[in-house]
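Chain IDs A, B, C and D follow the sequence of writing; residue 1 opens each chain.
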Amino acid sequence: MKRIYLDHAATTPLDERVLREMKPFFSEKYGNASSLHSFGREAREAIERARETVASAINAEPEEIVFNSGGTEGDNTAVHGIAYPNRKKGRHIVTTKIEHHAVERACEFLEKDGFEVTYLEVDREGFIDLPKLEAATGKETILVSVMHANNEIGTIEPIAEIGKICREREIYFHTDAVQSVGKEKIDIKAMNIDLLSASGHKFYGPKGVGFLYVRKGTKLRPLMHGGGHEKGLRSGTENVVGIVGLAKALEIAEAEREKEAARKRKLAKGLVKQALEIENSWMNGPEIGKKRLSNNVNLGFDFVEGESMVLMLDDKGIACSTGSACSTKDLRPSHVLLAIGLKPWQAHGSLRLTMGRDTKEKDIRQVIESVNEIVGKLREISPMYKGGN
Amino acid sequence: MKRIYLDHAATTPLDERVLREMKPFFSEKYGNASSLHSFGREAREAIERARETVASAINAEPEEIVFNSGGTEGDNTAVHGIAYPNRKKGRHIVTTKIEHHAVERACEFLEKDGFEVTYLEVDREGFIDLPKLEAATGKETILVSVMHANNEIGTIEPIAEIGKICREREIYFHTDAVQSVGKEKIDIKAMNIDLLSASGHKFYGPKGVGFLYVRKGTKLRPLMHGGGHEKGLRSGTENVVGIVGLAKALEIAEAEREKEAARKRKLAKGLVKQALEIENSWMNGPEIGKKRLSNNVNLGFDFVEGESMVLMLDDKGIACSTGSACSTKDLRPSHVLLAIGLKPWQAHGSLRLTMGRDTKEKDIRQVIESVNEIVGKLREISPMYKGGN
Amino acid sequence: MYSDKTMDLFRHPKNIGEIKDADAIGKVGNKICGDVMWVYLKIGKNKKGEEVIEDIKVKTFGCVAAIATSSALTEVVKGMRLSEAEKITKQNVAGYVGGLPPAKVHCSVLAVDGLRKAIKEYKKKKRK
Amino acid sequence: MYSDKTMDLFRHPKNIGEIKDADAIGKVGNKICGDVMWVYLKIGKNKKGEEVIEDIKVKTFGCVAAIATSSALTEVVKGMRLSEAEKITKQNVAGYVGGLPPAKVHCSVLAVDGLRKAIKEYKKKKRK
């Protein structure tokens, strides 16, 4: 059975071109980049080239790029790394109700450690309100952390505007750009960003490697101490092959960005239009367009539960995800879907379809057909559909 | 020019057999292990298989293995992760003067945060003294962190004895086994270890992946918060391909462990014997045998400086390292060499040669010849040799 | 994550639907938690004159574990004496589907709750 | 890490050794820091009767940067008027070797120190 992968927000396959770039660094140029000898120098040069590629993709300086193990590490480093060394200035942090758990739980940890955190509400489409953000910041505020694009419903937050507000007030601004890097244009300088986290495996790069942009002069405490790698901001033997892969993946993503976004938006439009023909269905997140991640579609179906949908679709070779409680470890439905105002049972009936480079028109047709069939089947056995009896 | 790599303590090439095992997970079985669908389940199964392999190699239970990004992360997680949640019991930690920077600096950080750290002295060969360790621990002691094998001079510490002492006193015992995993037999249970850190790239596995053994019931705080992966002890999308590679690498290392150790010890003996024929030379660390890492040779040469030796050897295609200040970022010579009683200028004249699976008898011969020549050359230009004038 | 047996029961659920002239219906769960189950019972008598579950059907809004366990439970209790069916505990059900991941055990509880509620309902009606 | 020029000077150091009948020797550095340098000077006069560095040799115990910069410095000052050689600053030397990594600049200072000390030594001797 041909499988259709529509879970690119969870992770992506490694691009074959990326793997090719990585190959020499497995068993030939395998040196430790801290070593003085030629093996070490080869590794060092590869890392510094990668750093330049990454920096130029987001209009940063190479020395502002800190390679690490991924988005979770970047988010934790940013949030805790700013909070602690700047707490003399204040103990207040502003974030949103729709952040990824990596930011959310790093913040919750801080709350237990004497910090105060404001979680901004979002509207029905997932957007924060700029005046509310302004009102939330005060003299005590040391960090604003607002994600660039939401991983569940694709909402793209107005980060340039947020950056401007923060810069004017001299508050550090971190953005979790794990979902947007390689998909949305990012200009660190124009957007007044101080810290930005990204994860390689979300843009066809390798898993286990990411980067944190840290603006020059930022007072940041590292999460890990040790050999002083990455200017002391991230100790540990550098994952050379991972870093090389991440940079190549980003280079490719940037080159294909606009074309791919346009293509995916067209697919998304078709998908949504047909899906909404199913009765008692709706779309979560902003309308398809510039303010939504081009590859993200999030649908809701009344009377059915998401995990069951996902696994029935899986039986038909279609891979996607849901914000239903039953798919998570903690049995609460997606905090993002609740934050945009869905009732819990509506959140349970959500289906996230995130497209990739390989997604074709005909895949969309097949998905629609399958979703239609499965929703029908599950409703048949649902006591909530048409009143049961 | 054929290059001879004698810096396996810094990092190792990825074993071709390991790469073969990893291949399907780059672009085919690329799922996120948290996903419900078949791509996710493939990934999950691969990770759980890997966990079993790793657990069985060290006689642990699979659920006690936490995959992470490497040794530095493991060390930091262990040291900080025990210190903070257990500080109600006490604020004292015991470690040694020869730990890797990852443990050393994690401890130094704690000292600034209200903890007290005892750094145990070592003897001329690098061994800690068990009665001194016992004397150092008190009611306030919550953690003992002693490395299994030293990365510079190969000393293998008596960790089974340390484990016994700690278990009796109900003190958590962490060992940094980054250099010993795959080279020395480790039995978590027999050795009474509570936490153990390891790094894939030190035993022919991939860079950017490691594991932390955490004994059931250990009160550990994670370094990173987020999606709750790895039983909440290490959030972040799992590096599936890295984990698969690490497990395969460990499996191979375990299968070949005894044979390889015997072979390398023989090579080491020959190397040391011939090197010591050079006048004013000496060996650092314990004598070649069971109490020294089989692949580690550390030599000292009076009147010459290590970085110069390393780069001259590099010109001859030989890759190795030194504990000289001039090879480090902080301009202090190796704290390990100073801890075993070397004078600073002796530490500057150290040369570490760490052998690998590919190291052959004839490589050793060539190395000896080159070292001989280079030491001679550098002494000729040294004002300290034969009194200068 | 799920056993083959669970997945099989999920893919081919048994006794799904309604019983038009049910003797009792047990409605359990709540929409907020994301699982709702309605258990329909038809009670008859065996040769010894004991009350038995002649027919049982369920409707389930819930995850794989909920669907599979409700399906498994109906198979088990169909034809069973009422007195026996009452004794089925929450612990039994996970076993019927070849075990469940710890986080999912709570979803299996619903089926037992539904059955019990339906039996109670039936007894109450009879007493009137 | 090191420039090609630095590596070239390290591989083929110039003016290494001693001058048996040196007019002055500048001994600098210390063993503890890991670098020691001895600078030997032979002073002569040019046509105008000014003092010039007729010959210079060094012995270096130190890293690549120390060896390369001492070698580069000797090349630069050989034949130079003493008055001019005195003016060479620590900043100049890293330039002679095509730049140095920041952490290594301190190693290049030694060569200048050695030269200055040797010149001072020479002047002191002359005054006596």
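To be clear about the criterion, contacts are C-beta pairs under 8 Å (C-beta built on N, C-alpha and C of every residue); 3 or more make two chains touch, one makes a residue touch a chain.
A quick note: this is a predicted structure, and the numbers were derived from the prediction, not measured.
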| item | value |
| --- | --- |
| Selected pair, greater C-beta contact count between B-D and B-C | B-D |
| Chain at maximum distance from chain D, centres defined as averaged CA atoms | C |
| Rounded Å distance, chain A centre to chain D centre (Cα mean) | 56 |
| Chain C and chain D, separation of their C-alpha mean positions in angstrom | 92 |
| Cα-centroid distance, chain B relative to chain D, in whole angstrom | 41 |
| Residues of chain D touching at least two other chains | none |
| Per-residue overlap in chain B, given as positions that touch at least 2 other chains | 36, 307, 311, 327, 329 |
| Pairwise chain contacts, counting only pairs that touch as defined | A-B, A-C, A-D, B-C, B-D |
| In the complex, chain B residues that touch chain D | 303-308, 311, 315, 324-327, 329, 331, 333, 343-345, 347-348, 380-384, 388-389 |
| Partner chain A, residues of chain C touching it in the complex | 7, 10-11, 13, 16-18, 20, 27, 31-38, 58-67, 103-104, 106-107 |
| Contact footprint of chain B on chain A as seen in their complex | 3, 5, 7, 10-16, 19, 26-28, 30-32, 34-40, 68-73, 75-76, 100-102, 105-106, 108-109, 199, 201, 206-209, 223-228, 235-242, 307, 310-311, 313-314, 317-322, 327, 329-330 |
| Residues of chain A touching chain D in the complex | 36, 41, 44 |
| Chain B partner contacts - residues on chain C that touch it in the complex | 1 |
